[in-house]
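For reference, the structure discussed in these notes is given below.
Lettered A, B, C and D in written order, each chain numbered from 1.
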């Protein structure tokens, strides 16, 4: 779309997330787009790029090592080893690191305790960096990060650990955005890559603002569907950074609509207009949610080879009936030309009014009310249930003074509900909140509605087996 | 010295090791020299530099994750979880990671087993990269690396794990040397940084050869004293790469000579010619060792502020009596000028004969004979004792066909013997070998003569507390 | 009551559970009754008694050691270490043993894996011994016990481990019941002591039958309230052993009725007839449940010092209104005389009809139907919800052929529901089943409705601190 | 021998150790003798006997649970979790319990730390009970037992933990000796069974004294050879209890002499007088050691079926040449008659003088001097070497005031030296002390000269597989 806007003569810049090394070698593969719609140099971006992820890994783990050093020397902080919540991170898919015991080997080898490794994208340092205004704001965020409790039960912050300066030194260059371009020469600021479940899933505020500084049109993304990606984009990123949006594009695929229409993963290829039509209820909810936020949504179908004209037409017809602008896109195959229609619609919509910056809930609402607002307003739930643990967490959040933070709901991306099996537009369901975690540095509360893995595993047949270096060129990385 | 050679008009290039992040924030501080004798840009070199260490970390840990993935899925390799010897690595000082249990949490979270994290400098990938001729040689080395055994007791190599290609992709840029310069503009190729105890402690062969390609004079280093650094430099690096040396500079300090003369760490400042003279026996042995290798050693005193002229003169006089060239250096304070005398001596010595490439032992000697040759010839021991475990290791090395590899002895750097308390030039001592490890990829056998930590810890008052980022500039990193 | 029946001239014998060592030194204290209603010699019974618990511990752990030995030697059973479900046991309150990692230290020290220790009362060997007809039946039960799965996913039984004979040797004497007497000389067979949540909570079948062989009247007990204790007594023990009951005594206390009437733990002492009356709805449900099972319940109030005549009268009046026989008992203070009224009522009721052996559900009902029958019929729930894990467990139970076993529900004893906070007679609640475990040897399915600890912990001020040996006599054990 | 003394008309009683359950099901089998020289009822003695081992297990583990409870609640003792040295115990061969991590699962599940399980025979409670004069002395011993250190580095005793009284209650009956008889009706007091390496390997002092009270002749044993068993018997048990011996019988076998004469384990059956004669040097050292202690040794050959008259005659002839009384014994085959000759010799020797109570070293010697005295005097070493760890341990022992305790050397039983491969009578060897542990309750210092396993493992084909219960009778237990 950025390429298409540029082709239309607009000064355009994309603002996008950096890929993580882990998935490159696991299931998913690289993260720079594909076909005629791709960032360049894609191998470099997919692998170490400018070292931002490595710097975040290093800064994160320096804090981890410093925490264990406090435990080892029984420092004045009097940390309770069983209440340290700051993990370690590595940018690799490695399930064996999800649950570990560290500090074994005797008195000179640290304090034994249970720990864990998350993938770097799930590091709170990543989320902080992506929401920070600048290096000094990042310092404030690191300092205030909650890393555990002392033996009296009082909270301990990263600032008390004393490694903030060194972490900032390690992040000196990582806070700066990285400028690359698309295959068609449109500039793209690629910076930051937080998880889209336990974090907010958007590129950095610094990158978005830099793009806005140089271009008239900035195209950015929000990870996962409108229920997860957009809600966090508006409630967390835009609110925090004071951003407004001129237009919202909801991207759908015929395949996904078929799944929401009841088809299984292996039944998606044959033409099936009826399933598409049945699945449109899912899209309908996302459109309603966008409108709820005062946005003017445009629906874009990202066309796949298997998609038939009939299926596309069915979506177009439905959109027309709802008076929602629609465009079918073929940028993968055709580059900028494949998204010209979409770009025109976007410009048209954007010029209909002022940019909008609404949110789903006010920050001074209670945490349960915020969750309720998202659950009812965006997921279409009839209510929210809290487990005993979640209730304990909420009480602690209140007591520690974190109740005014926005929420970041970790929910399955496979359903509007918290049950991955419920496709389409489920109704009459409750969202069950299992626990609520404080990300004081990032500045949000992670609301967990299911088991969320913060470290992926490798599949039985991993992607890494296909990758090689041939005459200095990387092959097999997609 | 490189600066001084350059000042003398010689086309000179230094070939040096890259610093590790861990010590920067731990005890030791940065690794780019100091004063007027320093690499530039030093902060960048000390921190992420060109990302080589991060790439090595990533490649190393991808192999680790792949190994645990084989265990998790009980793959055809039928790996014995208790016989996996490939660790994980992180470039941080973190004692709590020395001994860990990974894979906890149930059947979907990997296979429980004891594991460990080494610092990245101790990664066998680092040693491989430093000894490799090029990327293809690195591929061969990775493929042949021994990572464990299957349940039948047969060796399993990294090649069987199937991640070599992906590792090479991750190392694509890291195999290329990094060109920087000294404060005085002398070019320096800074590349690779293996441990000097469990590895060979020299910058990469690729870097040394590149420097030799462009310059007439190449100044390089070998970590720790002549007994450890130089022996490995000649027996491992030079033998493997076909390198010869024109001159050998043995660097001494008045402080170290005092320690070998019987003084304690806190008694080194007051002038004390007698202790210096008593400690010279240690220097004497290093000179003898150099001559044993056919080298023409020059003694250089790296002058510290506290050193008196009388102390310097004592060393100079002794060197004269032995007909060994001598130079006192003040490059820290005076830059190139401070090492002009040394540079002149080096040129003089180098022009006296052809470069030499002798080794302490032939590769086809038995492993115990190789160890014996180093222990007697270089350490001055009267013999070598092997523990039961070491004998078992030797039998396995023989059985698996690794007996023809060179040895890499891990010994304390505080003494010529394996007892750190024995200063000066001890005699009538035996070296006790505790175990012998196979580094098939690096291509050497690690001979352990004591407890060697492969992962440093942070001290009670760590260096990281002094580091900060002020207006975009890093402060406190030394 | 047994003492009172004996005093009335009936040939009477009690059949009771053995106490566990753990609680003796933890919170609860000893388990031989108290005051004038006590077993003798109580210290011996409370501590090692005849060694039955120790024998069960030894037999259980021999099987555990044998399983880890199969893992260690990678035996033909090809056990999957992560799917071993047989724990270890110790007769002590030790929370640190709840979750452990065993097999650390290297290849000769076993296979690393996560394990756990339960208290001996929670051993499946205990449950087996208590339900076995004789030593040969115990052999059959041990042999069929499910201890884990192999790497192909097939079940592995204790019989395949090969230690059954040795376990039976260790249990040779433990299968024989232990004859003691009350303070008033009434014989009591004290044998077996399984947990009342994850097991069925009754003394051994062998003991009950031996008591029935020698006496005309046998008084036995079922752990926890009628909802847990009696249901399991009828559905598991009586069904399996072919036992019928002549009369059922439901024991209540004024304190418990007050709690069900809304009072807190610290508000139970002051007289409060209204709270007692409000709490009677809980007793009412137990009486209905007894009648549902065809039983003729008698209500007995176990009178405490604080209880007022008015409170007792309130219960008596209510019972009269329901035509349920009632007796207030003071055996703690008055011995046999204190229970004469109850004994007379029991005899009267028993003579009104034949013994009854009804159950709540037939064995050939589906597992969900069995759970539903108990939840609706005995707890008064409106239905049962199953978590995803529970559904997986049920599918596996079906596939492995265990669907015809009776169920053993682990539920809080503080409420008729699975929410400990719901007192009185809750309605409009669902029971949530979290998982279902197969106890193939004991012959039941453990249906878990919450977190059940199988190993107690010591409190901050443990009971053990009060115990001492003074001149050969044990003091402070209550 | 006791049977033979009884047959000669002497009032005789044996005082022996109780067997451990672990070996019964592992490699070694039962421990009640065999053939015509056996204790009765052997199955009962081999299995639970009177529950002494179980009581020790329970008392030991109560202390363990109490220690972890102090850690869990961060009690005033401020225990350092990494310096707790009190293990747990189980009477089973289970290598997977040698090294464990306990306290996992979160804040309510104890404090994570590395722990271990020893076999019950290795419990310090066992050693204490065996050396105690009575229950009150046992109380003193438990109270003073060193269980760890606090975070300031100060020692913490079991008395501070607060469970001594409860432990004594659990041990109330276990302190009383158990009276059984031999197959021929000679009384035997069987009580206590400490390890013979890390403990002193003798039955209880209480049992020995009780036997001495009732009988004129008491036959007792000391585990392992004269170098380990007898030295500890005299230096630890006899010194502590004020016992003297009337005669010492050194038991040898032709098979053992052949091994010391150079034969391998599978070459011992064929007649071989020369090997026997070569091996006699080992016996010679034991005789010299006995004489060094002022004892009058008698040599007894425990005759095996394979032994030839010629081999026996060779030993007899050598003994005659040394004027050492000699007897060949056949009690296994012939009962009392088989040991009549020995009994006569014993009586004869005993009547030659007064009982003797010498020791190898005085208690007020320094610990290194004590070790030196045993190494030179009893093992025939030329000296003792201490590792760095051992030196640290000695310094701590001195600082904590334990230097006046007797030593308990843990050394291989296969050689007079600490190298199991050195048979016969080695000379010119040093004993290497690896570390020295404080058993403050038992009242000795454990001097470790090698890796000593405190928990046996099961072999690939364990003994338990042969055991069964047939018609109430145990089969296969030997």
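By definition in this document, a residue touches a chain if its C-beta (ideal position, glycine included) is under 8 Å from a C-beta of that chain, and two chains touch if they have at least 3 such contacts.
Remember, predicted model here, so these are calculated numbers, not experimental data.
Asks: Can you give me the shortest step count from chain A to chain C, moving only between touching chains?
Replies: 2
Asks: I'd like to know which pair from B-C, C-D or A-D copies the A-B interface, where a copy means over half of the contact pairs are the same by residue number.
Replies: Overlap exceeds half of the contact pairs only for C-D.
Asks: Measuring between Cα centroids, which chain is at the maximum distance from chain B?
Replies: C
Asks: In angstrom, rounded to a whole number, how far apart do the mean CA points of chain A and chain D lie?
Replies: Measuring from centre to centre gives 65 Å for this pair.
Asks: Calculate how many whole Å lie between the centre of chain C and the centre of chain D, each centre taken as the average of the chain's C-alpha atoms.
Replies: For chain C versus chain D, the centre distance works out to 42 Å.
Asks: Where the centres are mean C-alpha positions, what is the separation of chain B from chain D, in Å?
Replies: 50
Asks: Touching two or more other chains, which residues of chain D qualify?
Replies: In chain D, the residues touching two or more other chains are 101, 104, 111, 113-114.
Asks: Determine the shape of the graph in which chains are vertices and touching pairs are edges (line, ring, star, complete, other).
Replies: Its topology is that of a ring.
Asks: Quick check on the complex: what are the chain D residues that touch chain A?
Replies: That would be residues 74, 80-83, 101, 104, 106-107, 111-114, 151 of chain D.
Asks: Using the touch rule from the top, collect the residues of chain C that touch chain D in their complex.
Replies: Counting only chain C, the residues touching chain D are 21, 25, 43, 47-48, 51, 54-55, 57-58, 61-62, 64-66, 68-69, 71-73, 88, 90-105, 108-111, 113-115, 135, 139, 162-163, 165-166, 168-173, 457-458, 460, 462, 464-469, 472, 474-477.
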